[in-house]
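Dropping the structures in below, format is structure tokens.
One chain, subunit A, links the two complexes that follow: it is found with subunit B in the first and with subunit C in the second.
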Partner chain A sequence: MAGSTATAVLDRNGLDALVKELTAQGRTVVGPTVRDGAVVLAELASADRLPWGWGTRVEAGRYRLVPREDGAVFAHTAGPQSWKAFLHPQREQLWSADRGSDGSLSIVEERADPASYAFLGVRPCDLRAIAVQDRVLTGGRFQDSGYAARRTGAFLIAAECTEPGATCFCVSMGSGPAADTGFDLALTEVVDDAGHRFFARAGSTAGAEVLSGLPHRPPDPGTEAAAHDAVEAARDRMGRAMPPVSLRDLMGESLEASRWDDVAARCLTCGNCTMVCPTCFCTTTEDVTDLTGDHAERWQRWDSCFDLDFSHLHGGPVRATPRSRYRQWLTHKLSTWYEQFGSSGCVGCGRCITWCPVGIDITEEAAALHDELAARLRQEEENDEGGGDDRKEPER
Partner chain B sequence: MERPTLAVFKLASCDGCQLTLLDCEDELLALAGRIEIAHFLEASSAVTSGPYDLALVEGSVTTPADAERVREIRAQSRFLVTIGACATAGGIQALRNFADVEEFTRTVYARPDYIDTLATSTPVAAHVAVDFELRGCPIDRGQLLEVITAFLAGRKPDVPNHSVCFACKRRGTVCVTVAHGTPCLGPVTHAGCGAICPAYGRGCYGCFGPSGSANLPALIPLLHRDGLDDRATERFLRTFNATAFAETASAGTAATQTAATRTGEET
Partner chain C sequence: MTDVPLPYRVIRVNRETADTVTLVLAPTGPATLAPFAPGQFAMVYAFGVGEIPVSVSRIDRHALRHTIRSVGAVSAALCALRPGSRVGLRGPFGTGWELDRAAGQDLLVVAGGIGLAPLRPLVLDALAARHRYGQLNLLVGARSPGDLLYAQQLRFWTAHRGLRHCAVTVDRSADGWWGHVGLVTTLLNHAEFAPDSTTAYLCGPEVMIRATARDLVHRGLPAQRIRVSLERNMRCATGHCGHCQLGGVLLCRDGPVIGWDRADPLLSVREL
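Presenting the complex of A and B:
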């Protein structure tokens, strides 16, 4: 690639220049920044706004910012938002309709002009989550043109993970901590005796062009090896793991499990898990009229399967109990998503664990369901040995 | 075309909810163009007699006279909407439901025999059929307009009954419970305010009462963890929607039977 760079080493000035360059290209640069005691995602005026020197300590239902001596900028874990807040915004107008004085009706599509986004600091799990939402919102029968417009041409700068959190389990889901594809640039942060720097790789022509325009050093073996080792080490430091079985089958075999009652007693049905999940895509529409009755608008807004109205049909909600709603969430994420979209709906980012007020843990629930299924199968086997009957299929 | 008529009535309440109608400054002219304000004493002493197409009723039933009056209002109203925590849940004055009203009157008034009150403060729906309940202390302006415009258009108002957390996350607020350890009633509270308090770093006070699917017993241990002892928890839940939250608590099971029984025990 002439005039372009595949790999390089950047320092803080390089990151500054990166934000400046993307802004100069007319892009809205979005990245992590500190607000209200958390690392949130927001429009960045400059790289100074990044969370330099901030880490996070998380647990199920708990999140705290902690200062870091090393000044690292990408050493925090997932905050309460994901990139879907920008690509698939929480509320968006679809169209408006007006009735003229002669009674004629005119309907106008009302999509806001899409911003040209650059996302700085996209974690590997979140890259995967964006790919999942791409398939959901642009890959099949139900196209979301607003999403497509914002997604097309968005410039993604990945930040590989070297400091996984206690609720992370991307390794279980095959989505991290290294970034393989789906980015324009990937950064790996290295802080050691040789300084604070970023090993940068281009993942697209656009990425290589941007990289070549930044103040940078050629890649040195020391930095490359340190970056590689840090990501490899992160692989072994995941805070959590899914049971190492086919989660898809596990859910299919667990529809009548008693564990659902246990979790339903703890679940607030507050919907936080689906709101923070980077792949949850569900929306509802609101049709608003004004007082004159001659103007109407249709808006789309985030919804959740924890909402009673979500399954409201004639006569009431189909999923009236918290048990059925929690089960919908877990089985959709881990199992039926495959049938619909050909992959898991979970990328192991840990947000639903951290940001669940009561700390309900998707990995713990999956493990409990696994244990219950294993116990049931053992019991059935013993019964078979006793009775000598044909082996029963587990109930569906 | 004849405009439908609107009447606003008040029982035991502070007037704040009906004031919300006057607060609709930008929309007030358009509203007056579409609907004839036939009875709204807070705005005008000119009153047209019923029947009315749409009645907004604020306040709870606390006296025998209220109980009689609310039946008259119902009889005169085609579509009756109750507005605010008093009308939909009994309001702050429903704290008497947990206490002995006679004892209160004896203690407070020099001549308790002048006082003609009921032992409880109850929502309008406990007395007459209500077509729609709009929650909040006070109600939200946007939701009030939505209810009125929906009535005019003959459609169902879009007033979700999910939790405040939905609105809180949609607005991008950092969860005060998870990130700060601040007690918050958002997970069990009906949305409608736009999750104002968490956006300013405070826990939700439950102004809109229980959500359509509140699991209060599951929240109690969290409130304890975040520093509220049994008594503080009880006080937290005993505000404008005290009776509604108490019902939610007793509907729950084992985990927090304590919260439910306590509700009955403290007099």
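Presenting the complex of A and C:
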């Protein structure tokens, strides 16, 4: 019976039924699970695989799982992967080419049949990151057809944030902790005296239909208010913040800042930040041939602007120094992304801070650049005032 | 065809210099790529080796030409092809020179080395519609006399097609060379153009583009009427791989031809 429900309250059985229903629809359901001491995204056979009773403690360069007494399931912060691992996979074949005995050439597209995904537990920052990648990979003149196929049918279940981590700063990027748009269903976890439950909202017709088929209670004002309050409280508990200025302009004004030398002295150019970032989309291509030499394949794989070969020209790399490569990453995220794709490239998820082996912190770097620029402008102003002579008509 | 290369056949190979050839390419079947505009480029695939961006160096109804200098693995493989060989082509990509916008003006075309290749279709279009433009100046620089591209054609254009202001210079002279020696910027004094109604088109090594564009600005050409073609690493050409970034510019999408007003601030920052 097809029905449609806009809001409801679910319990753990409701989540179980949700995973079952989406699986029955032929979807590959992916969500957070606990593995190797981290919360990692994996296919869910049932809601039991979710990280019930696990939280995380993060800091710059540190990540640790911690058990939670309250049994909460969405109380962890962003893990080492993001949904791009599924929508924009690390390695993907694009096409293959065969050479015939007469020298002829045939080339055929080799995109794998797209999985029909359902993502359970997408953070608001990650919802925003998916929207960012949508614009990059499908919003321009040419579409990444593999991404488009995987993305079009994906069913997104958001989990609003009630336990932000110490490296989170979605509030200052305007991307969390509440989920506003871009989901089929949004869940807000509530654990209090009245029990462990989820306030659920449909964000699409498909979401409303799924919700109506799950065992649920009608929304009660108490649960809705508790859900709202928990998200509001999270807003005030962000671990970090960006300086409250136009980051786009700040980066534009800071291309020759001395801070780049400072951060370059610490950065290992390992590229971890680009791998964990949910919006980083850069790829390179590999051409491989088999032993006969008559069959060739084109593969696409993630690449990083920290790699020396990334800017290779036959004369040598354009960005040879770590300084220029870190500058490329940060200015792209916070500034040139607007020019290229109409938004910021950072959603404030904090992954790059948590997973940087030396704890380089994007918010701290932005703040330092801001201080440096402010000092420079002050200095220029003083020089202007002190140097009154400059403004006198030169004697001739 | 922008995702998957379309097979093309090499119908002729013209050797231009010791390290440069022109491949004349035609489709192997009924499917063809959409028409190219001068200044645009294709991704050219050498079977099993790789794919590189190459501008069109001449556009005919039935054939595309690419002039390729052998500098590394893929370009060497392409330069070694014989008539009958196949390549894969994707395109057309990027912005063109947009000669139409210069109607009524003097034209100043400045090429360094292989940079003459992307400019050739522009010169051919201008010669085919001489009455639409004022003076047509073509200034060409090459490393040595032997590295000069299309030498015969340059003579033909001057002798029979009404190209009056064609000057060539080389970095290093050689026996029998009676032309200019020195950087291509030294030729600007020999050109005939009115800076306030001229459009310039520049392609070549980045240092040459920078020096020439700055000189032209100095002579009074507005930066937005200096069109330059720039080069960065390109893997996809469809705006998705991130390799061709130059600040906020994605050169495969917003370039390779951009105005000097946009290029100058970006090229002024080292290692941007």
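Convention: the second predicted complex is superposed on the first by the 385 of 396 C-alpha atoms of A that agree within 3 Å, B and C clash if a C-alpha of one lies under 4 Å from a C-alpha of the other, contacts with A are read in each partner's own complex, and residues count from 1 in each chain.
Going forward, a contact is a pair of C-beta atoms (placed from the backbone, for glycine too) under 8 Å apart; a residue touches a chain by one contact, two chains touch by 3 or more.
Treat the numbers as computed from the prediction; the structure is a model and nothing was measured.
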Fit or clash between subunit C and subunit B when superposed on subunit A: fit
Subunit B versus subunit C as contact partner of A:287, first or second or both or neither: both
First (subunit B), second (subunit C), both or neither touched by A:336: second
Contacts of A:213 with subunit B and subunit C, given as first, second, both or neither: neither
Partner chain in contact with A:357 - subunit B first, subunit C second, else both or neither: first
Subunit B versus subunit C as contact partner of A:95, first or second or both or neither: second
Touching partner for A:319 - first (subunit B), second (subunit C), both, neither: second
Partner chain in contact with A:36 - subunit B first, subunit C second, else both or neither: first
Which of subunit B and subunit C A:61 touches, first, second, both or neither: first
Subunit B, subunit C and vertex subunit A (Cα centres) - angle in steps of 10°: 70
Distance in angstrom between the closest Cα atoms of subunit C and subunit B, superposition on A: 5
On subunit A, positions contacted by subunit B and by subunit C: 287, 289, 293
Residue ranges of subunit C touching subunit A (in the complex, touch as defined): 2-7, 28, 45, 47-51, 71-72, 84-88, 231-233, 235-236, 238-243, 245, 247-250, 253, 269-272
Residues of subunit B touching subunit A in the complex: 27, 30-31, 33-34, 145-146, 148-150, 152-153, 155, 158, 160-163, 165-166, 169-175, 177-181, 184, 186-188, 201, 212-215, 217-219, 221-222, 253, 255
Residues of subunit A defined as touching subunit B within the complex: 35-38, 40, 61-65, 79-81, 85, 90-91, 265-272, 275-276, 286-293, 301-302, 304, 306-309, 322, 325, 354-358
Contact set on subunit A toward subunit C in their complex: 94-95, 97, 99, 103-109, 136-137, 140-142, 144-145, 255-256, 281-285, 287, 289, 293, 296, 298, 303, 305, 310-314, 318-321, 323-324, 328, 331-332, 335-336, 338-340
